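Should a chain be cited, it is by its letter among A, B, C, D and E, assigned in written order, with residues numbered from 1 in that chain.
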C-alpha cells in the first residue's frame, strides 16, 4: 500500500502549505500522501541513495541540479513551482521603512549589532542574501557583521529575540512573525531568482505521482502557497 | 581518663543496648563474634548514630542524643583502627600514615614517625601502594595510621588479629607505653585474653548487644562465668604488684603482689613501678605440701576460698594467697585426691616461664 | 593425599622461591607477616601464575610451567578461604554459600548444608547481605562457602583469625573430622601453634619467600629454631598416642604415648583411636624427685637429652620419657638449682588441664 | 491537559514511534555495548585505541555526518545495507529500524562509557573468588561481573534512551522524516521549528518528549536504588 | 598530508576555535557537573528527580530546541543573559563563549552521569576512615572522594570534549555561524554538507575533528591507566 501512496520529499519551509495541499488532495482524490520535510540537501542525498520518494520539491535550484546531473529526476517533469522574496526585517517596531538600493548604508543601520541571515554559503536564503548584498555593493561593509544562521527560521528568531537588530529573511517567514517588522524588500533583480523547483524522481513507480505534481501546480494549490506568502510561478 | 558510653540502637533484627563507664586507661571489649563490639565502637567514633546515646570523655560531652549534641566525627580526634584495614588505595603507605597528620595540627614529630614505623616494621613499605601489601602488613599500616593522627582516644578493633606472635610481641609493649606515658585512653577489642590481661584495666563483656559484665580486669578475668566469651583456656587471675628487684644474672624480675613475691621473666621497668600479672588458672598447680626439687620458682601458701561448679571434669579453685586471689584449674580427680574444700590450706605452684607475656 | 609444590616468582622486590612436598592430609604454612604465605597459596590456587612453578596433587599435574601445563582456576576445584572474606556483595549469605554448588555438579547434600551452617552458627544470617554482617560472621560465611563447594583440596588462609575462642572450638573439630573422614587435604595458614598442633601433620615454615624448615608437625614444633615464626610461648612437643581408656566419672581420657600414660581431659574418640597431644614446653615442670600430694596428674620419668641455648633467661630442655621426646621450658635459675645437664634423670610434670585443647 | 487532546493522529504516531525507536535502540545496542566495554576495560591488544576511537566517533562527528555515513553504508545501495537486505531481509533505509539504528549508533559511546566505567570499578578479587568456586569465565561474568556492573548498565541504558529521544540529526539524514515510519518526536519537533507558527507545536511535542524521558529516568532511579541496596560493598 | 596544506585560513581558524570551545566547555562544566553528580549520588531531598530530569534535558531535547532555550535564557534579552551582561560584562550572544556554553550544556548530562556513577562506586567506609583521622567533609572530598572518582571524572571530561567537538545543533541555533567567532569545526562541516559538492570539504574537516578527538581520547586513556595503576582497590 505504501508504494501506492505518493511520497513527497520537500524543503522544510514548505511544511505548512504542503500539509494543507496534501489534505486537500486527499479530500478530492481519496488518496493519501506521505510528506518528508527536511533540508533540501538532506533530501537530495537521500534520493541519491535510493529513497522511496516520488516527488522532490527543493528550496533552491542547486540541489535539483545536483540530482538532474545524476539523472535521478525525470527532467521532463521538472518545473519552477514557487518564488520568494528577500526582505530586511527589524525587531524594533518603531524602525522606519528603508529603500534598499545601491548605496544604501546598511552597515550604518546595523551599527555594531549583527545582521542575521541564513548561513551565506550553505543555507539557500543566505546564498541569495549574499548575492543581493554583493550586487548592491553593500557586502564589503557588512561582511563582518553577518550572523549566519542554520536556517531562515533561526535567523528570524535571532531578530525577533533581539539578538540581532536586523535580518535578511524570506518574505514568507517574515510576514508570519508578529515579532518582526519588514522594513524593506530587496529588488528582485538584485539576486538570482528565488526558485522552488519541483520534479518527479527517476525511480518513482507511483501511478499517481504525475497527477499529484499537476495538482500541486494547480490554481487550487496556488491559493495555499499564496496564503503562506510565496509567489507562485507559472 | 574516664569514658562514659550509653547507647541504644536497632540495626535490622539486632539491638544494641549497652551502657558502661570506664576510668581505666585501657578498656577491653570482649564478646563473641556478632555480639556488637564493632557496633559499639562505631557509636563511640560517631560512625553510627544511635537512636539514643551518650558519650562522655573526661567530662567532655561528645554526644548526647537527648540534648542533641553530636560532635562531628572529624572533630572527635578518636583514632580508629578498623576491623578491616580500610587503607586509602590511592595513597602510598607513607601517604596513608601521614593522612591524619594533615589534620591534627602539629601532629607527631618526625622522630615519632620513625619510631612507630620501625616498631611496626613497615619502613620498607613506605612507597608501596596498599594493594601490594600482605594482610598483616596492611593491618600494621592501619595501626600506624591511627597512632600517627595524635588521637585523644584510640579505638582498636582486633588490631593484632592477623599478626604473628613475634610481631604482636613488638607492638604490645608500645601500646603499653602509650597507655602509661601518654595516657591516651584506649578501647580495645580482642579475643585474646593474654592481650587483654596485659593491657586492659577495665573489661566490658558484651553479649548479644548487652553488657554482660563489666569491671576491673582482675575481677572479670577471674570470673569464669564472664569469660565464656573469651578463651576459656586463658581465664585466670590478675595480680597488681610493684617491681621489687631485678636479678639480671638470671634474667628475672621479682614482683611484690600483696605479700607474695612473684618471680617473672625480666621486665624492663624501674623499681617500684607497678605492673600487672596475669596468672592463667590452667598454669597453677596445687600441692598439699611444699614441694622440693622442682623447677617452678613460685610457690605460694594460701587457703581455698571456694570452688566453681564442675565444668567438663575440671574445677576452678579460688585461693587467697598473701592478699591476692589466685585461680587454679584442676581436674575432678585431683580435687578428690587432694580433698579440696573451702578453708583448706594449700600451696599454689606457678612456673616463671608461664608468666612470660612477651 | 600428596601435594607437591614448587614455585619461583618475583613480585616487586619480593621473591618467592619455595618448594615443598607434603603427604600429610593437613599441611600448615607458618611464617611471619609478609613472608609469602598468601602468595604461595595463590600460586597453588592458580590465582598467581609463577615464573616457574609446578603443582602436583596426588600424582595429578595441576600446573607445570616447564611443560606449559596450567589447569584453569575453576577446573582445579580447590576451595579457598581467603585471608579477607571476599563475599559476593550482590548475593545473600545463602547465595554466597550456594555459589560453589552451582558449579560443583552434585554438590553437598542438603543435610550437609544444614550441618555446616549450624557448625558455623550462621543459620540466622542466611537471608542477609554480606554488608550487614560482622567481621567474624563474614569470615564464617567464607569458610562455609569454600567447604560447600565440594573441593578436592582446601586452602585456608588464617580462616579463624577473627573468631572468638568458643567459635574456634566449634569449627576446629569439624576440620578435624574433614581431615579424618573425607580425607580432603588442607593447606592451612595460621599463626596459632595450638591450631596447627591440633590439625597439621606437616608443617612448612616460610621465611622471606623461602622454605626455612619443613617436616612432620611433631618434629617442627619441637624445634625452637623453626618456631621463631610462631608463637614462641606455644613451642612444645607433639606426642602420637592411642586412646587407652576413658574415665568418665572424672571426665578424663588416658592416652598411651610410647610407654607413657597421659591423662587428658575427656576425648570423644573410641578406644584405640590414634590422637596427637601437643605439650607446650612452658607447661612442663621438672622435678628431681617424684612429687607427692600435687594436683598434676601426669608425672613422667625421663632423662635429659640436651638443653637449648639460653634465651632471655630460659632454657628449653629436651627429655626422653618412655619413648617420647618432651620439651620443658625452665628458667636459668631453676636450671642451676636442679643442676640440669644431659643424661640426668628427671621427672616431668604436666597438668591435665593444660592439655585441654577445646 | 488541553494540549493532550489536541495531539493530532500524526503526532500521536510520532510519540509511539519514538518510544519504539528509543526502546529498540537501547535494547539492541546493549549486547554490543557490553562487549565493547568489556574489551575496552579488560582487553590488551594492539588495536584498542582504534576501537576506542571508533566507538566515540558518533559523538565526535556532527550527527549529520554520522547520518550521512549511515546512509552510505546501510542505505539501500550501501554495501552493508545491500548485504543485509539480500541475505537477511533486514532493511534499514527509510524504515523505523533505520531510525533505531541511527539512535543506537548515536547513543553507543554513551552506553559503552558507562558500562566500561563500571567494569573498571569491579573488584577483580571477587571474580577470582568465583573462579576458585568452580565458575568458568563465562559464568564468572554472568554471576559476578554482570550483577556488579548493573548500575553502569542502567546508567548507560538511560543515557542511550534519552539520547534516542533527542536524536534527530543522524536520524533525519539517514532515514528522512517520513510520518509513521521515521518521524520520531524530535524529528517532528525539528520540522515544526522550520515553519512559521510551528513553535507551539514544537513546544507541545517537546513537553511530551520530556515527560516520557522523565518517566524513564525515574524508573531507572528506582531500579538503581533497589540494586544499590542489594549490593553495598561488603 | 596533502589536504592539510589545502586547509584554508578560515578552516584553520575553525580548528583552533573548536579546540578552544571544546576545552573551555569541558573545563567550565566540570565544577557544576561535580556538584550535580555529588548531589544526585548522595543527596536525599525532595526535588532530586526534578534536578535529575533537568540535567538530562539537553540529551532528551533536540539540540535545536536546546539552542532555542539557551537563546531565550542567555540571549541579550534573556533574563540570565541580560543579568550577566549588565553585572559581569559576560556576553554569550554571537561570541565563542556562547558556543562554549552550548557545548557545555550539551555535554553536561554525559559528564554528570560518568561522575555520578563513580561517586556511587566509592566505598564510603574509606570516607568514614578519613573522617576519623580528622578530615572534615570538604577535606574528605578533596583527599579521598575526588582521587577515587578520578576515572569517572576523566571519562566524563572525555565525553564532554568529544561531544563539544561534534555539537552543532545547539551551537548554531544559539550563536549562529560566524567565522572566527562561533564557527566551530562541526558547524563548518555542517555548512559543507549543505552545498552540492561540499562532501570533500566536509570529509577533510571531519578527519581533522576525528584526529583531534582521538588524540584527546588517547591522552585520557594514558592518564586513566596511570590513575588505575595507582588506585587498585586495597
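Heads up, the rule we're going with is that a residue touches a chain if its C-beta (ideal position, glycine included) is under 8 Å from a C-beta of that chain, and two chains touch if they have at least 3 such contacts.
Just so you know, these numbers come straight off a predicted model, no measurement behind them.
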{"item": "Chain whose Cα centroid lies at the greatest distance from that of subunit D", "value": "B"}
{"item": "Chain whose average C-alpha position is farthest from subunit C's own", "value": "A"}
{"item": "For subunit A paired with subunit C, centre-to-centre distance based on mean C-alpha positions, whole Å", "value": "90"}
{"item": "Subunit A and subunit E, separation of their C-alpha mean positions in angstrom", "value": "35"}
{"item": "Geometric centre distance via CA averages, subunit E-subunit D, whole Å", "value": "20"}
{"item": "Inter-chain centre distance, subunit B versus subunit C - centres from mean C-alpha coordinates, in Å", "value": "26"}
{"item": "Two or more partner chains touched - positions in subunit E", "value": "64, 68, 125, 169, 190, 193, 233"}
{"item": "Numbers and ranges of subunit C residues touching at least 2 other chains", "value": "133"}
{"item": "Of all residues in subunit A, the ones touching two or more other chains", "value": "none"}
{"item": "Contacting chain pairs - touch in the sense defined above", "value": "A-D, A-E, B-C, B-E, C-D, D-E"}
{"item": "Residues on subunit C engaged by subunit B in the complex (per definition of touch)", "value": "11-12, 31-34, 38-39, 83-84, 121, 128, 132-137, 139-140, 157-158, 161-167, 191, 228-234, 247, 249-252, 263, 265-266, 281-283, 285-289, 291-297, 312-314, 328-338, 349, 351-354, 356"}
{"item": "Contact set on subunit D toward subunit A in their complex", "value": "64, 68, 71-72, 75-78, 93-94, 172-173, 176-183, 190-198"}
{"item": "Residues on subunit E engaged by subunit B in the complex (per definition of touch)", "value": "125-126, 128-137, 139-140, 143-144, 147-148, 150, 230-234"}
{"item": "Subunit D-facing residues of subunit A, complex", "value": "7, 9, 12-13, 15-16, 34-38, 42-43, 45-46, 49-52, 151, 153, 172-173, 175-177, 228"}
{"item": "Contact footprint of subunit E on subunit A as seen in their complex", "value": "39, 41, 44, 62-63, 65-66, 114, 116, 119, 121-123, 146-150, 154-155, 157-158, 161-164"}
